[in-house]
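Written below as structure tokens is the structure these notes are about.
Read from first to last, the chains carry the letters A, B, C, D and E; within each, the first residue is number 1.
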Amino acid sequence: MNLSIIGYDPIGAWMKKADTLDELLSYRNSAGITWINVESPDRPALVQSLAEFFRVHPLTVEDILDPGQRPKIEEFDDYLFITLKAVCPSAGLELEQISIVLTMDTVITFQERPGDYFDGIRKRILNNAGRIRRMGADYLAYLLIDAVVDKYFTVLDSLGSGIEEFEDRAIDEKDETLIQDIQKFKQDLLRVRRAVWPLRESLSFLMHLDSPWMGEELEPFLKDLYDHTVQAAETVETYRELMAGVMEVNLSAVSNRMNKVMKVLTIISTIFIPLTFIVGVYGMNFRFMPELEISWAYPAAWGLMTLIALGMLIFFKRRRWM
Amino acid sequence: MNLSIIGYDPIGAWMKKADTLDELLSYRNSAGITWINVESPDRPALVQSLAEFFRVHPLTVEDILDPGQRPKIEEFDDYLFITLKAVCPSAGLELEQISIVLTMDTVITFQERPGDYFDGIRKRILNNAGRIRRMGADYLAYLLIDAVVDKYFTVLDSLGSGIEEFEDRAIDEKDETLIQDIQKFKQDLLRVRRAVWPLRESLSFLMHLDSPWMGEELEPFLKDLYDHTVQAAETVETYRELMAGVMEVNLSAVSNRMNKVMKVLTIISTIFIPLTFIVGVYGMNFRFMPELEISWAYPAAWGLMTLIALGMLIFFKRRRWM
Amino acid sequence: MNLSIIGYDPIGAWMKKADTLDELLSYRNSAGITWINVESPDRPALVQSLAEFFRVHPLTVEDILDPGQRPKIEEFDDYLFITLKAVCPSAGLELEQISIVLTMDTVITFQERPGDYFDGIRKRILNNAGRIRRMGADYLAYLLIDAVVDKYFTVLDSLGSGIEEFEDRAIDEKDETLIQDIQKFKQDLLRVRRAVWPLRESLSFLMHLDSPWMGEELEPFLKDLYDHTVQAAETVETYRELMAGVMEVNLSAVSNRMNKVMKVLTIISTIFIPLTFIVGVYGMNFRFMPELEISWAYPAAWGLMTLIALGMLIFFKRRRWM
Amino acid sequence: MNLSIIGYDPIGAWMKKADTLDELLSYRNSAGITWINVESPDRPALVQSLAEFFRVHPLTVEDILDPGQRPKIEEFDDYLFITLKAVCPSAGLELEQISIVLTMDTVITFQERPGDYFDGIRKRILNNAGRIRRMGADYLAYLLIDAVVDKYFTVLDSLGSGIEEFEDRAIDEKDETLIQDIQKFKQDLLRVRRAVWPLRESLSFLMHLDSPWMGEELEPFLKDLYDHTVQAAETVETYRELMAGVMEVNLSAVSNRMNKVMKVLTIISTIFIPLTFIVGVYGMNFRFMPELEISWAYPAAWGLMTLIALGMLIFFKRRRWM
Amino acid sequence: MNLSIIGYDPIGAWMKKADTLDELLSYRNSAGITWINVESPDRPALVQSLAEFFRVHPLTVEDILDPGQRPKIEEFDDYLFITLKAVCPSAGLELEQISIVLTMDTVITFQERPGDYFDGIRKRILNNAGRIRRMGADYLAYLLIDAVVDKYFTVLDSLGSGIEEFEDRAIDEKDETLIQDIQKFKQDLLRVRRAVWPLRESLSFLMHLDSPWMGEELEPFLKDLYDHTVQAAETVETYRELMAGVMEVNLSAVSNRMNKVMKVLTIISTIFIPLTFIVGVYGMNFRFMPELEISWAYPAAWGLMTLIALGMLIFFKRRRWM
């Protein structure tokens, strides 16, 4: 469990790491914005104490400690509570839960695993890059959500670049792991969707809520964020449709192949089966078979067989099997 | 039919079992919260008397006695009526109906079968664990619904852990009961869905209702409960999608297998059918077959046949059938 | 065309049959509730006169006379008009149209065919069973709709009990009429759905309408009725999903069977085709075939063929085809 | 381009045909209702002049002249504009555009092609049949739309009567044009749907609009019209489901047939392949084959072969392939 | 990067090209409407300066510079921001982003690539064609969007004309690229849909917004524009359904073909396999085979074989395989 605290106002910014809650809170400055980050919240007691200090509802604490939460945004009397799912490409698209508690002057974030989602924001605060130091805690919360949403696009882009490869593999009928790989791809998409859809809903809800926690100034930013989630959700759906197309192409390729195999078998069989019958006839040992004694019978048999073979070939040509 | 009654207030709590309605009501205490639990309500007359005592509408009594009810929450003048479906993993995922009548100071529960869904809550009341003794009857009702919803997750987790096994079985084409097992799995999901969906709707309706039966204090708890039902419903849908993927993988595996069988058949047939024809030709008994007299004819025939077989093999290689 | 009239108030009840409209109306009593039932309304003129007497809109008369109406509930100035579809199990699930005109003190029902849907209600009126004699005309209308909705469940139960049989038939690949029977089942479901869905909508509309024709007292009854239609609609959808499962199981069973047939063919062919070639070789009549003269050649040939057959069997075992 | 004008009031009615706009307008009577009908509006200039005379918006003129409009109802300051798609069974279900401009006392209709949709209404006006002469221009507009909607049912009935034939054809596996005919049927349904759905929406919009162009008196008529479009839309969906069923039955029939063909092939092959091997063995020309000399060897060979054939048959019986 | 500026009022109009922002703005005239067009906005700094000049929000600038935006319409304090996707048939249906900033008297457009979408509008302004010079900046914005939407129909028409060709190809089972071409077609449709759907939503949102940026006068034009997007969206869906039909026809054609191939194979095999067995029997070299010595045995064998072949043919005829 890692505790860090950042404080900033338009004039300055500082960052500290702490081992205990008391140490952490001792750094806290009444003026300016405070951002407390808790990585891998595996000590429930400490989380609980922190929550109590900021008057956080017990249900929120439960939600923070349970990694199986569905993304949501909830308004409480003293704070706004946001739960997100971050996708981590390095960890096989595992979903990681990130919880944000936003009060008027403080943002507390809980990350399920140590991660670098927020490094860029930390730098922007400390280096006074962009407008962040001039804005409130709500803008910080917006930036944090935005950083998570941006990762979705990184993941979707890398998934999307794999689709073309699938399209090539679809017409290779020998690719036996294709269907399983497609299923894996779809499961990854499902995972992203499970992260994106509820967030989209929650943002829509937040925008229509006349909440004191998100100032009017933030409206265009939230609208932008919402548009991004809509775009991510639509990209997921488009990818699903494209993969359905890949499946169809593959099914058709497999079936075409089967068809050709069957045709070759049929053509070879149908030509040789009658011929083999004929040579069988003249292999019989009956004592009285007049044909056997005729001197031109053998070449005549060959002629007959050639005729039959040619007839078959013409039949196949006519039916356009060859 | 089992009757039990629990009474509690912030100071104390007691529990009694009763055989008759009169005995039951004699235990009732005007102060504090009363919880009456009726297991296997198979004596309609007794249920009716109990209902009349608490001024419950005849339609509600009908609903309690009919085990085929759809989950719903209905507001009446004197009480709030809640019907739920509990899933019982021990009984092959059979749905069990649980009805709750909530008045200001009394909660009456009807369980279709004796069960242990509420044992934990009983203990928390009697041992004064958590906040329950300090809260109203509405909080007890919330806890009861929450206990039922928690069981859904137990069931879903155990179903979910079976999906990976299905994924392994999908590529084993000899698994002939796979499809039937998948259908059984889907029917279990359908059952959970039939329990979850109407409950989700009802909770959404309850939250938007400005009902006196659920105090303002309960709002975050109801929201939490609602989120859980949404999560359960989404899990069901995700499982359905995963199973659809399992089906696709299996279909593709079966078809691939068939393809291979066909190819082997075709390759063997197509190589040997012309060879068998040739040996047939030289098995004919015509008197005048010049080839038969030539001393190097037999090895030449072998040579011809080897050439044909090689030609075929090259043909298959080129078409990438081997 | 059959005309009957029932009159009742809390004190008494009577029932008469009539042949003409005048006779019918002569029985009408100003006090109490009047219920006029018209079976097989095949004489438009009489229906028109009856309608004019109760100031029914010409469009309503058209709807009553046209058996192809979609279930609906319409409010007019002088009455509430309800059209339903009843399902009649005895008549191959044919849909029968039932129209109800509800004024303050009169209920007029039109049944497309003579039927026994309402016999139970007649008895309850005449025998003063339940609360019916104490309630208004709106309660009678509710009871009539409820009787029709109850029949849906009878039909659905009998359909539902057939599903298990379908599940057994699905794994019997020789059952050639299965698919057609499933289609017939689905068409029956479609029929029930066509009766239930519009009724559900209409009831929802009626409940949100602040109509004078349905008193406040009736609210819980309408809610209950609505819940029943929702339940019927959901049952239809569940059955459809189960039948889709039956189809999948059947498709898979058929395909498995085909697979096995193909495998047997392939195994037999692939073992014997090379052997037949070998015996063919030694059936050739070349004068110079050294093997033929060797005394141990015949057993050696048998040995070779046994080896080939064993090799094939091992190949199949390895590929897990046997 | 055909111009005709009808004028009527409760007392009388007249109809004239005109060649020019001036002639047409000269017939116009200030009192009563005027209905101007324009067939095949292929002279944009004339349509434009007519439109200007009645102060019709340029966008409306564009819509009238462009036959590719989607059905819609639009309210303008001076009139209500309605565009419909009529289906013409005689012209291979081609969609024809009909536009209606409704002012307080005038209805102007534009028909893409000369047609007889409105002949019945003309007769009712001239013969004073029904209530039409006593009603306003809005009732005339309603009748015109109703005439178009009635045609949908004519078309749907004729389509519906073809479904049973499809059901019979589905089990005939030799019917090679079935799928294409089904597609043609579906395209016809698509066409009707494209006519019906937007009209349904527009009518719903019109009913909720508090428009001065459609009087209160017309409300039940509009509701009735709306119900008809809903019914037509539902019929289309039902037909689609039935056709999906036909496809499933056909797929299953084709697959069953294939299955049987394969089985016959397999049974014949599997019985004779081993027998042919055996006769091949005793056709070999080895000098030392002791069996050949035994006097009872030939009948013994027959016996062996009979045993093998019987064994195979029993094997197939057991597997229920025969 | 290309800059051009057009100014107009009811009396006159002029157009200039510029290389720098200062030059561009120097042309700007306070009176009348100004339209600034920026082609290929690849110099962010210049775009930023331009944006600052017109007090455009930084988020809007980001959206303009990022070509991956989803179509949307956003209202800001000082302007209305519109992002569109144009489809360019000449560039393989690539989507091109077009952004429009609309203030009271100025329209700024940003085109991702140089294109001729707006040439017609430029000519109408400079030649004073239609009403454009008499209308405000909002009408210009409408015309610009309309020009983009019109292109969708050009693209859809050219796609639609390809469907018939697909229908012909569907019944040609040798067409191996069909499925891939269908997928390409579907991807094109997806692209158009991704351009149309969000625009439709945004226009619906714009129409219900009481925005100062779009005057009341523009209402029928926006309604018309909205109807066009709805029509484009429906056309996309119709094409998708038609292509699904093409797929079904093709699947059925391929399966029919396979069926026929199998039948020919089966018929030939089943006739000749027993005959070949018989000739094999009389090719055996047993010393004691009485039949071989009979003088009429050879013709009798032919007779037997003819009988068997005829029997088979009758069997196939009966089963309707021929």
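Note that in this section a contact is a pair of C-beta atoms (placed from the backbone, for glycine too) under 8 Å apart; a residue touches a chain by one contact, two chains touch by 3 or more.
Just so it is clear, the model here is predicted, and its values are computed rather than measured.
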item	value
Any chain that touches subunit C and subunit B	none
Separation of mean Cα positions, subunit E and subunit A [Å, integer]	25
Where subunit D touches two or more other chains at once, by residue number	258, 262, 265, 269, 273, 276, 280, 283-285, 289
Ring of chains, enumerated from subunit A in the sense that reaches subunit B first	A, B, C, D, E
Of all residues in subunit E, those that touch subunit A in their complex	57, 59, 62-63, 68-70, 72, 74, 76, 173-174, 176, 178-180, 183, 186-187, 190, 194, 247, 254, 257-258, 260-262, 264-265, 268-269, 272-273, 275-276, 279-280, 282-285, 289, 291-298, 301
Residues of subunit D touching subunit C in the complex	167, 171, 220-221, 223-224, 227, 230-231, 234, 238, 241-242, 245-246, 248-249, 252-253, 255-256, 258-259, 262-263, 265-266, 269-270, 273-274, 276-277, 280-281, 283-289, 319-321
